[in-house]
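Chain nomenclature is as follows: A, B, C and D, assigned in order of appearance, with residue numbering initiated at 1 for each chain independently.
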Amino acid sequence: MLDNLGVHAAGFVPANPAYEAVVRESFARQSLMATLGASIAHLSPGEVHLRLPYSPAFCQQNGYLHAGAIASVADSANGYAAFSLAPPDTDVLAVEFKINLLAPARGAEFLACGRVLRPGRTLTVCLAEVLAIAGTERRPIATMLSTVIVRPNPRGFT
Amino acid sequence: MLDNLGVHAAGFVPANPAYEAVVRESFARQSLMATLGASIAHLSPGEVHLRLPYSPAFCQQNGYLHAGAIASVADSANGYAAFSLAPPDTDVLAVEFKINLLAPARGAEFLACGRVLRPGRTLTVCLAEVLAIAGTERRPIATMLSTVIVRPNPRGFT
Amino acid sequence: MLDNLGVHAAGFVPANPAYEAVVRESFARQSLMATLGASIAHLSPGEVHLRLPYSPAFCQQNGYLHAGAIASVADSANGYAAFSLAPPDTDVLAVEFKINLLAPARGAEFLACGRVLRPGRTLTVCLAEVLAIAGTERRPIATMLSTVIVRPNPRGFT
Amino acid sequence: MLDNLGVHAAGFVPANPAYEAVVRESFARQSLMATLGASIAHLSPGEVHLRLPYSPAFCQQNGYLHAGAIASVADSANGYAAFSLAPPDTDVLAVEFKINLLAPARGAEFLACGRVLRPGRTLTVCLAEVLAIAGTERRPIATMLSTVIVRPNPRGFT
């Protein structure tokens, strides 16, 4: 899927057999994703793609999607890519991320493809590519490099 | 205002006497800011503060504001800090930004304080601090370092 | 070569037919690369790999290569990847870079593989992966995401 | 000291009464700092300034200090700022850093001023400003935002 960066599944083995259920359950609790209309397009160990439709409600001054909307889905894609490899009874939190905006976010919909570069017991590093989709064309518009922390006791964050 | 980083006004002279009007006009066109309920709390040459109320509609999985919502206002605060120093008939675009999340975004409202570190003819570097506000307490929750590009012909982006 | 990120040549067409000569000439003027003992291992349009041997003179407190030494070669790899696509009579300058250190820089030698993600008339975005090499093993130890500016009049920087 | 960012001592209380001795002992083991000729110019809880003289041996293609040399001292300044607040029997490691190059590194000497923004039990976030010094003039040339991890068992890294 990640045409431009060419990042392919690295054969990660999930530490939690129920990784799919816990990722979907957590994603469903992210109200920002619901507000943006984002959904899970792909979910496998170490890789999560989120689909984001264009909406005039999330734009910058010239009618393109705001960099913050793009960053939101890329951050969640990377976070859930990390979470898909985390042990049971943990939660994840973004430590930091950096995003390069390669082109204006013009398109009917967008795909934020997050991948784990290096899983860790405490810190996991992820790379996301965001593509603008128009018909059969997929154009990279952003790249995000993130650090995610895995923490015990998911309810400790509540 | 920027208690923690202690960044104070650097005495920038705006290149556009109408800087306040053009910043407010552009901000009013950012539909994401309206959707988030963000408003301009402070605007001076090289410095823009945006206020963001807490809303359950923009959260992550544990009910804190999503890092993407925080990043959105910090990005706009830095972008408009840069835009306040730009010449007439230009527009600004985020090239990239990096955000460190220092603490969960818990609070009744948030203040994203963007400041120009180095204005440039083409590229402007900005630093934003995001504070959580609860009563009289102000707690830093994020720091963003951004590169903004100033481009001629504002309608070239439309 | 970029096993981990799987980034492969994107079929870039160089704007300067003499790209190889100008990259090599500029690299030879970077005294830090000579001091570190770095050399060009691969050079093609949009992609530059730099080899760095381990040396006890460039270490952090525990005898691994210092993150600054790793960042130096990754920055040059990305800069020259960008420069290989630049028109004649230009020069490049790093605007900013972000590096994630994935593992301690332990190994006999290191390879910093820089690739252009998006070439631009003014700004070029690059991604580098740094690998530690020990025998036939290649282990990713760092990832860098950079913005490079292409400027006219190379001697304007001198 | 940090004129431009105006970052002042935040009244941190060191967790290790011997913080000064352990920082100086660790710094003395960083062979890259010795190779670059860097020295500690200031050391207090949560704040470390490193002085770097100009040398023609650490330059980029136009005779300015290479961004990697600047990044090296900024990374060490931030790392030791974090280490000055760490408990006994720990060590620090850079997780990631991001640097914006504001101006060419031209000058007789440079000062990398690292400060802790948020100390943490596991992760500490630091901000460094690098100044070029020429006579009485101090000109900001770079800003670095870093994440540092504090780990138990210092010899675990050896």
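To be clear about the criterion, a contact is a pair of C-beta atoms (placed from the backbone, for glycine too) under 8 Å apart; a residue touches a chain by one contact, two chains touch by 3 or more.
Source: prediction; values computed, not measured.
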| item | value |
| --- | --- |
| Both-way neighbours, i.e. chains that touch subunit D and touch subunit C | A, B |
| Pair with more cross-chain C-beta pairs in contact, given A-D and A-C | A-C |
| Label of the chain whose CA centroid is most distant from the centroid of subunit A | D |
| Between subunit B and subunit A, distance of the C-alpha-averaged centres to the nearest whole Å | 23 |
| Rounded Å distance between subunit A and subunit C, as computed from the means of their C-alpha atoms | 27 |
| Subunit A and subunit D, separation of their C-alpha mean positions in angstrom | 32 |
| Multi-chain contact sites of subunit A, meaning residues that touch two or more partners | 95-96, 98, 100, 125, 147 |
| List of subunit A residues in touch with subunit C within their complex | 4-8, 10, 98, 100, 102-103, 117-118, 125, 127, 140, 143, 145, 147 |
| Residue ranges of subunit C touching subunit B (in the complex, touch as defined) | 95-96, 98, 122-123, 125, 147, 149 |
| Complex contact set, residues of subunit D against subunit C | 26-27, 29-32, 34-35, 56-64, 66-69, 71-73, 75-76, 91, 93-101, 104, 157-158 |
